[in-house]
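The data blocks that follow each hold one structure.
Next come two complexes, and both contain subunit A; in the first it sits with subunit B, in the second with subunit C.
Moving on to the complex of A and B:
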């Protein structure tokens, strides 16, 4: 019995051996060309929200950089920076940047509509991730083409216990803004904003098991003397106390930068800051 | 310099000073307890008590002058698991006796060439993160949910308790702090040997100031409207794991306070050892001893993660806020150390 078995295992012909090693070589070859295969495998294709935005167009997989920490212990507040390597001028500019967290209950995170006044297609904000996943950023350019970038983000359970199921409503909708003191002509200035808001997703329950109703800031507009610099739509996957870092490149002698936030209950906050160019 | 950079460098400086002082004075809770309970020498334990008293006064002083709000620290958390705090503290205290020193002491010894401590440090770091975010985390969260209690005070500390008895905010801040600190100081200075030992006096004083320094760096220098840093001070469980993680993933992580503290302690201790020409490589004399240190490190990591702090994290940083849950964790640490030194689970001396 043992003899026959050993016969079976050793009776591979030379041809069998060649065939098997040939298959191995093909596999190895595929692994070596995998970067281009991966690019063609279009990892976003199984996410409806992204496919809907692309509407049949084939995005360029270079030119969009997403920065996220490799590991986060607190999925409710993760810093994200997105940058599109493109000019931001009248002829050619990035029209919008769309952020997606496909494995969140609400895949959309935010949409940023930019203009030539934005100066630079770079936005920093803070997001929520329910679980480890690949975050996508899609940029739509003024010529109608798309670019896409993605970054893996790992989320672990929180290192610490958290409580505070309810929020303090006293400072609700209070905003802070930091703008550059003065800019040289043609210089791109950085604007930082943060507004107190729970960005209540509508998915959470309070201590008694009742669903806390959704209440988020859904829109943000930045205007320079009435002209749009940046317009943003926020979704529940944006972290509480929405934070934004964006850019502005004033024409001529500057002007008044007006920022306005609106939440689900129609409450608005408006902040103004002078931008001087000298 | 951005506030993040200031916090990182501030942490490094605090770590550096801790490393130098730890190396020169031998500041250590484990040896303090061992000497007090088995050798009848209470000076090192009093150095630890002095550090606690100084940390309490200095931290409350920082709050009184508006630099920090201690209530933002993780220690003053209204909801906590009494079971995990007690169990974690006990495990930590026992592990500390097994490995002959806690996490901070192991870092100081590592800087002076003690490779046994490297094993302990790695075991604490890995076991701590296993418990906080890794394979043991689901178990921790399950147990935490079963035994979670919420303290019915707006601020879960002695200060909050005093305020609930109707004391004004200034009195509520100072009266408990001064009462506890003066009790500790009376314990320290009633001992003649301690009074006349500069080594122990300096060790306790400097470490106590460094704890308040941690609050100042993260709470005041780290304060930024747009980019707040979480309020932290000296602690050596999560930061050991964070340091290991940072070494492996630094391109995708920003450097944190705890990580630069850990780096500073090793560098400070190394510098002090080299300056005094006492650097000496040391390893394990037997595999049995190595196994005991590994087990001690793992138990400390798990226990410290459950109790949200170690002998320094809860024992000094936590105590400096007078947080009520901290008292449970510290009682656990003392119980665990007693079990290992004098109790029924007594370990043979090393």
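Moving on to the complex of A and C:
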């Protein structure tokens, strides 16, 4: 399918958005879409954030793939992979990927800012879903155009799961990282990270009924010898212990990959790893 | 005529209610026996398939019901953990098909079903025979997804058993535990959802801790988990601490518990972030999918499981094929033997209703999963499920887990209920007995 690159002058309406995003979901996830979910999808649910991002532009409904389990038995931790078809090279690349869960109290999940150093426009992470809904991914390309994809996700709270969220604060802000041992020139490597953090939404109450204040990791930066590989903004709909799987394509002979997380209290964690290319 | 119909509706409704596990009575009244000559084939003689066959015959003795199951004897996964712990013998968890054949007139064919032609309405068996059907019930349970975990194939399973289908695999694991030296390390790797028996891995390590505490008290248990939360988590962890001290260590997903590669020869498990764990005995509970015949029949979707219509458990993809038990996507109902049994009763009722030109009834399913942490320490989780807004939901406020602060007498009673539950469900499914009344 060809990409429609239209400088739409007539403002793009919410209706158009629902029409195309609906169509997108059907082609992307034919096997997964349950008719009941489609019927229940609330037409005027909270799509404002997506509309704002698009700002009247008409997104292409192809080229973005979202993978989520069709049924999840634990809404607090759902793995998600988003992939945008793109060479991710200097000429044309994906600048950012925005994830939304419109029926969550806070619809924004995360924003990932990519560069040609990212090598591949593909991110895996773990998210929270309050209820069954359609999850959206919007990609903004270097030429200013947008693409959108969506996937229905059903959440059931399994009777066999208790809700004792066991969070251990002892290792707060402790990170684990896995990087490629060595890369060949031009090869895209995979980086895996996780960091201990409750990602308190600010919507929870403690045993005495007091609101537990919001405290999340709000930003993550990955740099290779000072140049941005990936920058991410996290929101409360990202699951506790933020998990990221992204890519890096070093120029020349590699360098030092530095990763830094910052939370609402200003605490930071920094990890470094050598990437060798040979 | 009307009153008979009413009675049957009530009867079906009662059966649909599932949870009662009432003793069998002579339910088939001649008034509606043998009216419809329909042919129903069931594939799988486990919890779902055996129950479906039996209830079809009970509701309508005139039906021609054939049950296809390769094994002459069925070992239940329920209580196979107790065999590992030394609390049961294998002879106590094996069940045959004689009563289903002799008392109910079900034709039991000991063959493997190789293929289904949904258009032609036929099932092809391994011996080349073809069985025609009007309605087909598949309850093949799970298959291990040997593509789902690097290094874990059929050969690896002979060294690092899964024991997630009871029988030889369970015996293999037990013999490895017996051969292990005191002071050794046992590792269990637990998969992400969905998988058969959500509390199963946690009951298993409890039972193995029981065995160790009696025979190899210096040994350790490491549970590597691809999840951050699991069934009855608080209760299990309390029980482990109370009964086994610090013998069991659980490592969840966020602490790098997910195993991504196994090496069967060196008994090593590699975690997502590259840590290597070596065990003296390693039990891999691998990722799973619906049994192969469901894939052959074209009823599975991209997830590897079977989407079903909630009221009847008829396939969403192929008409006249009903699927029950672990193979289905029935969440929030767990993949349990109790659920397979409850789903099979509802499906039997729905098939009989349809063959008689009636609407299916509004189903209610119940589930209780007992887990036995020690001979006198049982815990449970229960739920009631209905179709709400076109999907299966847990009835709010219906279920729950055992209280966190219960006393020893309560835990002892729950261990006794577990035995009673086992005896009742095998009676209801195969009309066989589970023997002993207590665990000690």
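The definition used in the following text is that the second predicted complex is superposed on the first by the 222 of 278 C-alpha atoms of A that agree within 3 Å, B and C clash if a C-alpha of one lies under 4 Å from a C-alpha of the other, contacts with A are read in each partner's own complex, and residues count from 1 in each chain.
The criterion applied here is as follows: a residue touches a chain if its C-beta (ideal position, glycine included) is under 8 Å from a C-beta of that chain, and two chains touch if they have at least 3 such contacts.
This structure is a prediction, so every number in the text was calculated from the model and none was measured.
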item: Partner chain in contact with A:88 - subunit B first, subunit C second, else both or neither; value: neither
item: First (subunit B), second (subunit C), both or neither touched by A:120; value: neither
item: First, second, both or neither for A:194, with subunit B first and subunit C second; value: both
item: Which superposed partner A:156 touches (first subunit B, second subunit C, both, neither); value: both
item: Touching partner for A:240 - first (subunit B), second (subunit C), both, neither; value: second
item: Partner chain in contact with A:178 - subunit B first, subunit C second, else both or neither; value: both
item: First, second, both or neither for A:76, with subunit B first and subunit C second; value: second
item: Dominant toucher of subunit A (residue count), subunit B or subunit C; value: C
item: Residues of subunit A at both interfaces, subunit B in one complex, subunit C in the other; value: 69-71, 73, 156-157, 159-161, 163, 176, 178, 192, 194, 243
item: Interface residues, subunit A side, partner subunit C - complex; value: 31-32, 34, 36, 39-40, 69-74, 76-77, 154, 156-166, 176-178, 192, 194, 196, 240-241, 243
item: Complex contacts: residues of subunit A adjacent to subunit B; value: 68-71, 73, 156-157, 159-161, 163, 176, 178, 192, 194, 243, 245
item: In the complex with subunit A, residue positions of subunit B that touch it; value: 74, 77-81, 132-134, 137-138, 141, 144, 148, 150, 225-226, 238, 245, 249, 251-254, 308
item: Residue ranges of subunit C in contact with subunit A within the complex; value: 193-194, 198-199, 227-235, 253-254, 256, 272-274, 301-303, 307, 329, 331-334, 336, 367, 369, 381-383, 385, 389-394, 399, 401
